[in-house]
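Okay, structure first, notes after.
Should a chain be cited, it is by its letter among A, B, C and D, assigned in written order, with residues numbered from 1 in that chain.
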Amino acid sequence: MEGAHPAILERLIATNTMQTAGYGYDQFSESARDKIRSACQAPEADVAFLVGGTQANMVMIDALLRPYQGVLAAQSGHINVHEAGAIEHGGHKVFALPHQEGKISAEAIAAAAKGYLHDANRAHMVAPGMVYLSQPTEYGTLYSLAELEQISAVCRRYQMYLYVDGARLAYALACPENDVTLPDLARLCDAFYIGGTKCGALFGEAVVIPKHQLIPHFFTIIKQHGALLAKGRIAGIQFDTLFSDHLYESIGRNAVDRADEIRAGLVRKGYQLAVNAPTNQIFVILKKEQAASLAEQVELGFWENQDTSHVIMRIATSWATPKEDVAALMKIL
Amino acid sequence: MEGAHPAILERLIATNTMQTAGYGYDQFSESARDKIRSACQAPEADVAFLVGGTQANMVMIDALLRPYQGVLAAQSGHINVHEAGAIEHGGHKVFALPHQEGKISAEAIAAAAKGYLHDANRAHMVAPGMVYLSQPTEYGTLYSLAELEQISAVCRRYQMYLYVDGARLAYALACPENDVTLPDLARLCDAFYIGGTKCGALFGEAVVIPKHQLIPHFFTIIKQHGALLAKGRIAGIQFDTLFSDHLYESIGRNAVDRADEIRAGLVRKGYQLAVNAPTNQIFVILKKEQAASLAEQVELGFWENQDTSHVIMRIATSWATPKEDVAALMKIL
Amino acid sequence: MEGAHPAILERLIATNTMQTAGYGYDQFSESARDKIRSACQAPEADVAFLVGGTQANMVMIDALLRPYQGVLAAQSGHINVHEAGAIEHGGHKVFALPHQEGKISAEAIAAAAKGYLHDANRAHMVAPGMVYLSQPTEYGTLYSLAELEQISAVCRRYQMYLYVDGARLAYALACPENDVTLPDLARLCDAFYIGGTKCGALFGEAVVIPKHQLIPHFFTIIKQHGALLAKGRIAGIQFDTLFSDHLYESIGRNAVDRADEIRAGLVRKGYQLAVNAPTNQIFVILKKEQAASLAEQVELGFWENQDTSHVIMRIATSWATPKEDVAALMKIL
Amino acid sequence: MEGAHPAILERLIATNTMQTAGYGYDQFSESARDKIRSACQAPEADVAFLVGGTQANMVMIDALLRPYQGVLAAQSGHINVHEAGAIEHGGHKVFALPHQEGKISAEAIAAAAKGYLHDANRAHMVAPGMVYLSQPTEYGTLYSLAELEQISAVCRRYQMYLYVDGARLAYALACPENDVTLPDLARLCDAFYIGGTKCGALFGEAVVIPKHQLIPHFFTIIKQHGALLAKGRIAGIQFDTLFSDHLYESIGRNAVDRADEIRAGLVRKGYQLAVNAPTNQIFVILKKEQAASLAEQVELGFWENQDTSHVIMRIATSWATPKEDVAALMKIL
């Protein structure tokens, strides 16, 4: 993990001595919100800057759902596995659906919604009120526009909110295989967040709610979750920079290119990829001994056991990964 | 559903004009607690009377777990499906495990606990802090003593509480196939409840915590959940009656006998049973038309779709089911 | 504390062997709901039967308020002092207002609402979303119809729900000084509950929501709070009996008459009453030694210290208090 | 509001391209923790970096208290007024105590604890489990060492945690009147936080728990509250800088000096101060017209109405307030 994109640091320095209003009422946050609305072609959208991904998910799910409602997610979804129960802490059940490389299907979602509606005992059950997706997923895979449109249609048919976790969204936007744009997300989702922390910022996620005032008292809800940034401008300046000169759309390009090189190199050398993912995450199957020996030379994330003698290891590139690192990795492998 | 066992109503009438302390501090509740301790061979046990099963589960899980802990349960477990999210409302994740006719195995529980402990990211994850079983299960099946001992050993090994939901416990105790006694439950579990509502009482569940003072401030926790009965004696009198003259151990017998007759009759007539359960619940596979036509003549509970043309229907007998009802049902079938 | 009014026990016995639907879908609950609607002149009202007062308050406040809203109550209000934090457990702040013998004024409520609305920092604050009153109050005092109308007007003006805790409502209705009827409550409140537990039932409180469907998914919310009675009819039968032959309106009469006798006797004997309350609760100031000596002969509730040498003790009568008990008490005093 | 102290920005730039572990496991965070332990003379202390003050309060109160416990605070305490119910969202009651210019007394705390312990109904009540203070208070006043020692003694006697909110702690440490040091806080409190956001950082609060492992699973609790910073080093670098070269102890000096000048100037010009506070906040009583006219020329915070014709306005200085601003203000006044 690095710090931030140089352009962001420069803006922070340039603006450091200015005095501004707090809590996101400053001119930088306002400008960033405008640029995001414009990039999403969502002129009425409410935009708020939160600090991290788990916080964004927790706040949005609590803000959109009533206490008796739950959220459908992939079994592998971040909210289901790696948020320490933040969603349940807010009182909401996560319904875990089977996934294909991190993705859930419109069919499975529809089946769950229908199953609930047709269950004679549904009044004793948590009502599915939202679908949670991540784009890219935790496996680095992407929903296609067609898939997202189907899921959105199912959500509207069954009156469930569609919410997309975009922690790594820049790496989707920069991926040649991707056909889902920011305006698509704004058109098809009820809420989503544009990840900053993993995409060039020091921290920060921009929550976008295309329909103005969908969530009454949203500011107070953020505050109640301990998620309100006093110096809101620090987030505002970062997103204002990320949405200037199309930086956000291009910042992921290096990561995807480097990941493609690593994937190609791995295949060339006879390694097997565990997942067919086109973004900045690489999942490679290694013998346990191999993984252990490699871990001494390079930062590798353990993902899961493939079988008794093999493990799946995760490599992630970023906007800042230098070409030399890829070359060095290739030599080691 | 009927009212209560006649012996209970008689006691309520006989004691109606007596004045007693409230909140379970009366002599009837004290006597009932003593009898339950004795029946469980758990002389130090804390015993409290709550009103219903979901309430008992909610209170016990909230009382035993810390906020970052969750509870392992069968996918089909009552807390996972039919409690409207009461457990999540208290902030706890339910980890759903695959089940065999409502039962989960010591192996699956151990694998989940081990998986958590060996996961490099476990600090970002909900910690499994409890195992929830129901005896009999939601499918009417029973854990054997050997199975319960294995599960208890796994729980102790991985420092998870073992909690048993005994909503229909009388129907286990009365079942010839059952080899798990109340003292076994007290020996192997950290907490369990003895069901009254479905076993002859107007309402009420007796929570048993074999280890005295395991839960500090338990009374206040009950009150905080809106679960404290002002006239606690109404529950006390009912359990005092159920635990006099071995009533609780025998009250389920009629239900199991009637259920056995129905099961035998169904098989004789060529119906297929969906579950091989020995207690008071019968699960029979019917063609959809059959189920619809039967439903006009007899109370049948829809359980789930077997396939596109067949459904599984549930029949439940009770301590009060008359032999004539079985005969009548057999004629209709 | 006694059991239930004899008419209730008789109905429970008479109906005991009948089989009915569960969860309040039985004919007795339906009949009770109709009678309550009729008594309240609220033909569209939703009526639900819960088990106890804290539970009713907890469920209603959670059901009506959004997470960022709190409830205004008297400092002495049951929800503020004696519910073990059940309201905060549901996430809501209780704003404690100064009280006069348990009552809060329309002026104080309006000032709090106005103070919030005019506070420049209100977006950082809990929004007052409800006013909680008890009738009679915890001090046995009564809101007059004029007072209730003023409070209701303030609530509507500031868009706060008005909710009345009627744990002891029968003792208000039976009091000659009272001028607030059930139809008044239905007309002026958004929700209230008619107390059963303290007013002749074994247990049970009837929640009344005059406006149909004000709370979507109310059944599921009740279930999620562990507050759904499986054999709902047990509550239904009790309220059906209490609302037959004007029993509920007359059941408190004996308690008020006996309390008047005790109050008159106390004054005659030179004791000082701490509160000028007309219902079934008597608050008398005693020297500490007096209180200690009396407590050996009669059940007295400690209320609070008046000063270093005097205490306030509480005596409560009920529908079942015999005249002889009053006479016996008078001899002791 | 300005950005950060220049030394902090310089360090962020200097370290920007380094790759480090996430979630606070980096060398900068480790170094910052060591320096804070050293400054507090608390070698065993657990130290964690959170993002903001409300978040720190919410996490610490949830982490230290059991669900049936509440926290004692001044009526004017930040957690009671300006955190949008974050503490109640976590399930805890805030007991509001009367205050003197933002301070509560050891006597009042002892009386509350004693009142609870001696209340016959305490099992129906929220247990006071913590005392919350802010140093400086919301009114800019300071607890003296003697006062803090008394409060700490009361807390230990009644087994309540003592927790100090140090959002503006640098302005206490820099104040000539202050006699409470960081080692005093570590010796007398169970937890406290050293404010960064208002004291020269871009954001960040350093939570200090003097007793190692007082809070098991603290990392997971932080994550569950959405309060875990992915790039933890951004906070670590800031606190490492603030605790190098005694920066934190001196950074508040300018603010206090400027505030003293403003206070002296106001008094000289005949204005009346509402609070006798020695730190960086000034509370001045103005006629309503005066306040309105001033507000057009200078940033003034409305505090509260003094009477119908006067208001109390708040002026806050910071580490960055230039002398010229004070001079300009004096001209306007």
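Throughout what follows, contacts are C-beta pairs under 8 Å (C-beta built on N, C-alpha and C of every residue); 3 or more make two chains touch, one makes a residue touch a chain.
What you are looking at is a predicted structure, and each value in this text was computed from that prediction instead of being measured.
Peer 1: Report back the single chain whose CA centre is most distant from the CA centre of subunit A.
Peer 2: It is C whose centre lies farthest from that of subunit A.
Peer 1: Have a look at B-D versus C-D and report the one with more C-beta pairs in contact.
Peer 2: Answer to which pair has more contacts is C-D.
Peer 1: Return the distance between the CA-based centres of subunit B and subunit D, expressed in whole Å.
Peer 2: Whole-Å distance between the two chain centres: 49.
Peer 1: Could you state the distance in Å from the CA-based centre of subunit A to that of subunit D?
Peer 2: Inter-chain centre distance comes to 33 Å.
Peer 1: How many angstrom between the C-alpha centroids of subunit D and subunit C?
Peer 2: Each chain's C-alpha centroid was found; their separation is 41 Å.
Peer 1: Would you give the residues of subunit A that are in contact with at least 2 other chains, written as numbers and ranges?
Peer 2: 67-68, 83-85, 89, 123-125, 220-221, 223-224, 228
Peer 1: Show me the residue ranges of subunit C that touch subunit A in the complex, using the header's touch definition.
Peer 2: 62, 66-68, 123-125, 127, 217, 219-221, 223-224, 228
Peer 1: What does subunit A use to touch subunit D in their complex?
Peer 2: Subunit A residues touching subunit D: 1-4, 6, 9, 12-13, 15-22, 51-59, 83-86, 89, 197-198, 202-203, 220-221, 223-231, 233-234, 299, 320.
Peer 1: Show which residues of subunit C lie in contact with subunit D when the two form their complex.
Peer 2: Residues of subunit C touching subunit D: 67-68, 70, 81-85, 88-89, 91-94, 96, 120-121, 123-126, 302.
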